[in-house]
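Okay, so chain A shows up in both of these, paired with chain B first and chain C after.
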Partner chain A sequence: MIKRAVALVLLLMLGGIFATLMLGYTPDSELNLTARYYAERTAADLGAANIVTAIVVTYRGLDTLGEVTVLFLSASIVGLVLASNRRPALRVRTPVGELLTTGARFLVPLILLLGVYVFVNGHLTPGGGFQGGAIIASGVLLLLLADPLRHFSHHVIATVESLAGLFYVAIGLAGLFLAGGFLDNRLWPIGTLGELFSAGAIPLIYSLIGLKVGAEFSSMLASLSETEEL
Partner chain B sequence: MAYIAMATGFLLVLIGFYGALTQRNLLRMIVAFTIADSGVNIVIVAIGYMRGRTAPILDATVSAAEAVQRIIDPVPQALVLTAIVIGVGITALMLAYAYRLYERKHTLDIAKLTDLQG
Partner chain C sequence: MSHLLPWLTILLCIAMLVAAIIAIRGLSSPIAILAAGLVSLLASVLFLILASPDVAMTEAAIGSGLTTFLFFFILGRVRSSENDGGPA
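After this line comes the complex of A and B, so read on.
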């Protein structure tokens, strides 16, 4: 009980800090300097309709490369931590039900299509590589739920993942020579604002990120599912 | 609106920390951490919100010229996008370690994991 009381006191103090922060907070009525720059220059400089995408993929593209690397690291560590207990356990197939099996067969292609749509249109609509990749991985999750014994080839997942990463860095380096700098999207003309083939290399880069993130999430799910003692 | 979202976010952070401090089951602690994580994300998004403005996406209704007057701050949204993805990675890592621990010790109760006690 003392432990609980100490926890409560700590949280009360933290809540006090939060309350002061909130009382002292006044919403901005105008965009601050950084946001104003992005709002004014994105359309003219990069041709991307979605400003968040422009920030994530181009203005702060190096950070996104780092983020994808962190995700890759955590996916590989999950694989590493769970790998050593892949023993040939007695794998008995338990029926998962007609509804789930048929539903998965019907929904998985649509989910994959939605995922691809989301990351291909990342520069125009809300969404992008990370969201699209997560949607693709949710399709993989549905497949795993419908058939827990399904074995996903780690080889295929790793190949997709490393090729996407390789091309991502290659496009970044191409920007160094052909455009303004590392991960600059103006490798080719940026086109008309709002069209699918616009914003230079952004759709291509975000599609690669989508594939990479989808593959990483799928490999995490596959590693976690293979540990299950069925 | 921003205040409601911000208060909700802070409340979720507090709930998450309370859970992480008082629960003894590792899985419950992981859930508590993800709740705190969502709370932080909500707070950051709430900071970027501005009354009467729309999402930072240029289209037929928001032209590039009037974007400065019409859109909310895009920077917190980009930050939260990053934070959510990293949060998923961290959660997967925590779950993997918890699984390995359970496999070795056959318990998820942190009070029984006493290897580091002298």
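After this line comes the complex of A and C, so read on.
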């Protein structure tokens, strides 16, 4: 009884905080200083049509490197914890149904293609490496749903993941010597705004992030599917 | 169109609340998983209306795609180990 009353009071207080925030909110009539800088200078300076991508990959590129590192750490920890109870190789195969098997066979290539499209076009359209990587991982998960005993090569996943991370940092360091600073995208001419091969190194960096994120999520899912106990 | 947007937003929020309550009070696990995925899907539409397509894409890919698949995968694992006779 007291537990419920306390929960209710806390909920009401939280609601009150949100209500005061909402009632005191007035939309800005113009962009603030930082936002205006990004909105006006991104296309001219970096050649990226999608301003969000320009901020994520170049202006705040170091933060993105940190995020990728955090994801890498969690993937390795999941692998470490789950590696101790790998299940034996032979296990009874449970039927999953015709619809799922055929549907997965049809959809997985399309899902993978969409994921690649999303991260290759990160500098032109909404989305990018993280979204594309998650889409690729959901394709891998669909494969696992259709065939729970499918085995993914950890060696291939680890190689893709490591090489993508290595090249990401290498491009960042190259920016230090060839362009304005760490992770600067102007390693080569930025090209025409709106074309696929434009915005300097941004498409390359975001593709590497996409591969890295996809490989990390896939390795987590693969080790999850290979454990005996959940 | 623009004068309809506040109402669409409110409608989406109500639908999200209903889906969330179904997810908590759901009759069966598959329905609860689908309702939780629906919350994410509606949230991504809401982000799109609020003019942030990048966030909407992340929400749709991770929240309603990957998480829903993952829940179903785990549900399948739990059920198959129950069929084997007790937890494996």
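Just so it is clear, the second predicted complex is superposed on the first by the 224 of 230 C-alpha atoms of A that agree within 3 Å, B and C clash if a C-alpha of one lies under 4 Å from a C-alpha of the other, contacts with A are read in each partner's own complex, and residues count from 1 in each chain.
The rule is short, and it goes like this: a residue touches a chain if its C-beta (ideal position, glycine included) is under 8 Å from a C-beta of that chain, and two chains touch if they have at least 3 such contacts.
Every value quoted in this text rests on a predicted model; they were computed, and no experiment measured them.
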Tell me which partner A:L196 touches in the superposition: chain B (first), chain C (second), both or neither. neither
Thinking of the overlay built on chain A, is A:L176 touched by chain B (first), by chain C (second), by both, or by neither? neither
Look at A:F217 in the shared chain and tell me whether it touches chain B only, chain C only, both, or neither; answer first, second, both or neither. both
Which partner, chain B or chain C, touches the larger number of chain A residues? B
Using the touch definition from the top, say if A:P148 reaches chain B (first), chain C (second), both or neither. second
Looking at A:V156, would you say it contacts chain B, chain C, both, or neither? Reply first, second, both or neither. neither
One more residue to check, A:S138. First (chain B), second (chain C), both or neither? second
Once chain A of both complexes is superposed, is A:D63 in touch with chain B (first), chain C (second), both, or neither? first
For A:G15, is the partner it touches chain B (first), chain C (second), both, or none of the two (neither)? first
So in the superposed three-chain picture, is A:P126 touching just chain B, just chain C, both, or none of them (first/second/both/neither)? both
Hey, what residues of chain A end up touching chain B and chain C alike? 50, 52, 126, 128, 130, 134, 217, 224
What part of chain C is in contact with chain A in the complex they form? 53-54, 56-58, 61-62, 65-66, 69-70, 72-74, 76-78, 80-81, 83-84, 87-88
Sort out for me which residues of chain A touch chain C in the complex. 50, 52-53, 92, 94, 96, 118, 126-128, 130-131, 134-135, 137-138, 141-142, 144-145, 148, 217, 221, 224-225, 228-230
Chain A residues touching chain B - in the complex, by the definition given at the top: 3-4, 7-8, 10-11, 14-15, 18, 21-22, 25, 27-29, 31-32, 34-36, 38-40, 42-44, 49-52, 55-56, 60, 63-64, 67, 70-71, 73-75, 77-78, 81-82, 85, 124-126, 128, 130, 134, 193-194, 213, 217, 220, 223-224, 227
Of chain B, residues touching chain A in the complex: 2-3, 6-7, 10, 13-14, 17-18, 21-22, 47, 49-51, 55-59, 64, 67-68, 71, 73-75, 77-78, 81-82, 84-86, 88-90, 92-93, 95-97, 99-100, 103
